[in-house]
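Next come two complexes, and both contain chain A; in the first it sits with chain B, in the second with chain C.
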Partner chain A sequence: MSKQHTPQLAGLVLIAFFAIFPFVYSANDYPYIMHLLITGFFYAILASSWSMLAGYAGQFSFGHMGFTGIGAYTTALFIHYIYISPEATNLCTEYAIGDQFLIFVNPIGITSSTLTQDCLRQALEIWDGSVQVTAMPVWLGIALGTIMGGIFGLLIGLLVLPLRAAYLALFTLGFSEILRATISAELAITRGQAGIELPHLFENGLTLFGRTFDKTDKLPPYFVMFFLLLTCLGILAWLSKSKFGLFVRALREDQDAAAALGVNTTRYKVLVFVITSMMAAAAGAMMAHYIGIITPNNLMILQMSLVVAMAVIGGVENFVAAAIGAIIIEFTLELLRNSFEVGPFVVDMTIWRLVIFGILLMVTLRFSRNGIISPMIDYFFRGHVAKETVAKRATGTSP
Partner chain B sequence: MTNLVVKDLNKRFGGLHVLKGVSFEVDGPELIGLIGPNGAGKTTLTNILDGAIKPNSGTVYLNGHRTDQLQPYEVARAGLGRTFQVTRSFRRMTVLENMFVPALALDRGHNRAEINQKALEVLEFLTIDHLRNEYAQALSGGQQKLLELGRLLMLDPEIVILDEPFAGVHPRLMEVIYRYIERVNGAGKAIILISHQMDSIFTLCRRLLVLNYGDLIADGVPDDVKRDPAVIEAYLGAEEGEPDAGQEGRVQP
Partner chain C sequence: MEFSHIFWTVLAWMIFWAVVGSFVTRRVYLHRDLDTSSAAFVGSMLGAATGPFGLAPLWMNTPEITRRLMVLPALGAVMVIAAAFAFADPSNNCVSNGSFVASQIVNGLILGIIYGFMALGLTLIFSILGVVSFAHGEFYMIGGMVTYFVTTVWFPGINPIVGILAACLVTFVLGALFERMFLTPMYEGKIERPVEYGILVTFGLAFTLQYFIQATVGANPVKAKRFVDFPRIRLPSVEDPWLIKTSRGNMELFDTVSISNPRFMAAVACVLVLLSLLYFLHRTWTGKALRAVSLDREAAAIAGINPDRMNMLAFALGGMIAALAGAMLVQAFSWLPQVGAIPAMRSFVIVVLGGLGSLPGAFLGGIIVGLVESAGTGCVPDAQKAASYIPAYGMMVLTLTLLLRPTGLFGRRFSGGAHGKL
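What follows is the complex of A and B.
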């Protein structure tokens, strides 16, 4: 096996480790560690897709968390407001489809006196258990959230076409904040800061290989998120090896030169927004169903900064490095929470851990601009290049 | 047969009238020098031909197809390729990856092995094949110019515009660029060569276009252009239009 295959082998070992871990780990903090890993996978999807957008294509967007919000709120609103009923409520907006009715529940906001008084609940009270309504499937909500992320990615991609560098960053930051503010303001529909509750990924439990999991078990969402991460990484790997990867990197380096060489820069700039936005939206929708509630705070700029920092520390020009960086940092930030005493002083690590994180980010940017993990991968892939160049020059006709 | 028809091009930037009704034609594998003092409008003309900027009026037809309103990538696919005055290699991509970009953008049905083979042949011709796996940013300025020329060979356009290919290049690499021009022109491609290196222009080109503050003041064979009083006054400046050999062929501003 050559040195160049080491990263692939390490990748397979990592995948095997994460696939086996839930079955061999049995300490008391099992649910907590599993939760950390699920969250780590979520951030790994965001960091790796942002790495494709910013590191490969050079589109420094700060709207990535906005797309997770679009995915999460699309599935939340879809499942919260749309039902199928065999009977007409005669209270809600409803459409007959065959012998069923598609019910649109009216938005009533978060006033305590009206919280349980939407049109469907009133109808259910009237029916007194004689009619069973069906909620929309979670997976359809997640799929819709992913598609909606892609549609918004297309719109933002088209809008930012003439923008570069700081202007692009500020535009996307503005988009994300407008989205957050709109969701906060539209109390009647989104319930504002109170958030919308969502059913769990497996609301009715799951039976697999003779073992039954209830809706709060960590194992099913762990593998769902892990599978989504692997799918996203697989797509990113395929894209990076294809002409798409080559063109978006050319776009990053010099958009005008790429266009002069026949690259349709508009198409690839928009495409990279669509693809990475869909990944963020899928992760956001999945995470919202795992947590069980979505609030506008999930879209805060602090969250976006965390994703950026994870990608930068891992290595923004390598999506695998960004994903690994995200998982490591998610764990490190959590494990650093334990406060300790030094003599009479109590070091409150809930605060100081963020200082350590900030220092790590600054040191990385100053001394290793392509992160900590990415140079290690580069060492195996490109460590031989300098020697080869010298050897070819010695044997060739080059000046 | 390559045919470029530029008709009555006008371009204004605010109060500046940068191109004033420029018209000319390129027929077949001509090797044309485009000269003029700084600010003459050479780069603006190139940018319009390339589709990077749109003219205020006038038309450009390439092989019978109007191209002045097309996007740069469409112009490149239609058969016009260019280099830039300041070299614009994809610095954090390897030399080979740089070569792959135009070949894959054209999508002419070649597989990667064929493209790789052609890229290596071109790099060998340009004497930088030993650098194939290095990032372009590791190359010297002259080598980056060669890489930019190599990318054009991968694009394989009908008309090539070379913007200052000799600027800041070592004499040994200039020989390579000379061979490159002979190869491209010999393959039936037209070349428009923009340069302040008068020795090279007069050695290589069989026709000269002279721009002066947006006006095309001369279009003819080098010997005639050298004697053109308007050109002497506006640009060449030397007695009887002879280039100043004592200054290594560089035109004095």
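What follows is the complex of A and C.
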């Protein structure tokens, strides 16, 4: 076995481990661990796509959580407000499509007693069970959420074209905050802080290979999230190996020089925004369906700082490292949750772990700019050979 | 709103012509080989204010863009929005009730002074280090916390000035230490992208400080007592105090405008400190050195100023200014570890609006943002919605500024050094 293949092999082992893990593991805390892994995968998607945006393309955007919110809210609103019915309600806005009716439920918000008084509920009461109304499929919602994330990514990408560095960070932060304020304020449509409930990924359960899964079972969402992560990593790997990755890194190093050398900077800057925001939106939509509720607090700056910290600690210029870093940090943060007592003092680790995390972020930035995981991967990649030797071999000056 | 469609139609018309104006004007100026740096801004504002009637002569004559040409259309656009609002909703408090408008404006001004003062610290840090400090809100929070603990918990009844000085001292030392420990590698060219490094590392500091305070103090809101009571004043006479009437916690001017004591005191303190800060920056050697470094690092170094020490001073001073604002406001608002988030966002808005690195810009921007926020909270018909939208008003100002005129009101392009190129 040549040493060059170590990282690929390690990657395969890791994938195999995550694929087999849920079947092998059977301790009492199985649902908890599975939940952690699913959340870890979610953050891994965010951290790796953010590392593509920030580490490869140099666009330090603080709006990444905003895009997950767009994905999540698109699917939530879509499933919440649109239904298919075989009969006309004569109360809602509706359009006939063939012999079915597409029904748009009117927004009534959360004003106390009106919770069950939207037009569809009233129609259902009149029908009294004689008509079955179909909700929109979850997968369509997620797809729409992803597309919507792409559209917003395009918009933001176009708007931030002339902005660099600090200005870009502030603009994207502004975008994310406006989005959050709008969602909190438009109570009638989004129900504000109360949040919208969503159906689970497999609302009616799922039967695969002779096993039936309940809608709250962790196994199906685990694999869905896992495959989404693998897909995203695959796309990112392909992009970074192709011309796209080269151009985008040229953009990061010197935008003007890249433009002078014939890189279409506008196109690649916008494209990297579109791709990464679609990933974030898909992950957000998926996660919202898994959790079952989405509130504007999911877009908070704290969530964004988690993603940033995960990517940075993992290694912002290596998206695999960022993904692994996200999973590891998610686990560490959970393991550190247990409070303990030192003499008379109770150390509330639920807060202190975040302090430790913040210090770790600063120290990583200060002393190891490529993160913690990324140098390890690099070390494996070189196969225990010093950096200089690899560089010399690459140029062919040394045997 | 009764006739809301009028308002939305006017707004849509304005936005349409603003977009057309910004794009076409820039093209026209580019085509005639003229300076395009402010063309988009002028075009959009003129489009918003006058529609095609102002844009056509602009495109035909392409006059040189002067300060007047920038200010007048912007004011015009604001007037058109106000007029449309007044027509659309004649019964709104903002339109029909003069004293309400007056008190909103006064409150907006007072808050604006405080906001501007806090943003001053951020802009000072940026102009010298080239770092947008994401920990600014946390310095503000710590300033309030220290003042609260000194004046209320540890030494109740002590003169509040001691508490404020303690807050200043703590944050000054904290800022200086942080700068020495984490920001020094930026100056030596060891870091490829210093601006991003600065953002991330201050972000980490903000995270750490916020949770450190939450872990040690707890998440319960605290509030300090009023620092000073107003003396009892009745002017011009006790029977008919139409000019000014004060109680201990409140002041009423002209029977209409009511100002609460803590905010008034905070604004007064901010103005006083601002004046002394201006004196420091313009009349002392250290202050002049600070300004010199912000203008040109290399030239300042040649003139015998140590830019590294100025960096430390600027970061500590910037954090201290935020803490001072917090120390003055802990008597007005209840204080939580998360309290810094919104003021920090607002400071970003203000420094971008005023021009990153410009001190007068920060102050003027603060007043504008204060007025915009009080107009937004006072005039939007649905009060609950208005409250939820408060953080968004400032952010809209920010995005508009970045899109139309990224240099802000008094922005300058930085000659070099660690500053992010625009």
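As a convention for this text, the second predicted complex is superposed on the first by the 379 of 399 C-alpha atoms of A that agree within 3 Å, B and C clash if a C-alpha of one lies under 4 Å from a C-alpha of the other, contacts with A are read in each partner's own complex, and residues count from 1 in each chain.
Definition applied: a residue touches a chain if its C-beta (ideal position, glycine included) is under 8 Å from a C-beta of that chain, and two chains touch if they have at least 3 such contacts.
Nothing here was measured: the structure is a model prediction, and the numbers come from that model.
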item	value
Touching partner for A:L187 - first (chain B), second (chain C), both, neither	second
If touched residues of chain A are counted for chain B and for chain C, the larger one	C
Partner chain(s) touched by A:L365 [first = chain B, second = chain C, both, neither]	second
Partner chain(s) touched by A:A166 [first = chain B, second = chain C, both, neither]	second
Contacts of A:T389 with chain B and chain C, given as first, second, both or neither	first
Chain B/chain C common contact set on chain A	none
Chain C contact footprint on chain A (complex, rising order)	54, 58, 60, 159, 162-167, 169-171, 173-175, 177-178, 180-182, 184-187, 192, 301, 305, 308-309, 312, 348, 351-352, 354-355, 357-359, 361-362, 365-366, 369
Residues of chain C defined as touching chain A within the complex	126, 132, 181-182, 185, 191, 193, 195-197, 199-201, 203-209, 211-212, 214-215, 341, 345, 348-349, 352, 356, 384-385, 388-392, 395-396, 398-399, 402-403, 406, 420-422
Parts of chain B lying in touch with chain A, wherever the complex brings them together	50, 52, 71-73, 76-77, 81-82, 84, 88-93, 97, 100-102, 104-106, 124, 127-134, 151, 155, 172-173
Residue ranges of chain A touching chain B (in the complex, touch as defined)	243, 246-247, 249-250, 252-254, 256-266, 317, 382, 385, 388-389, 392-393, 396-399
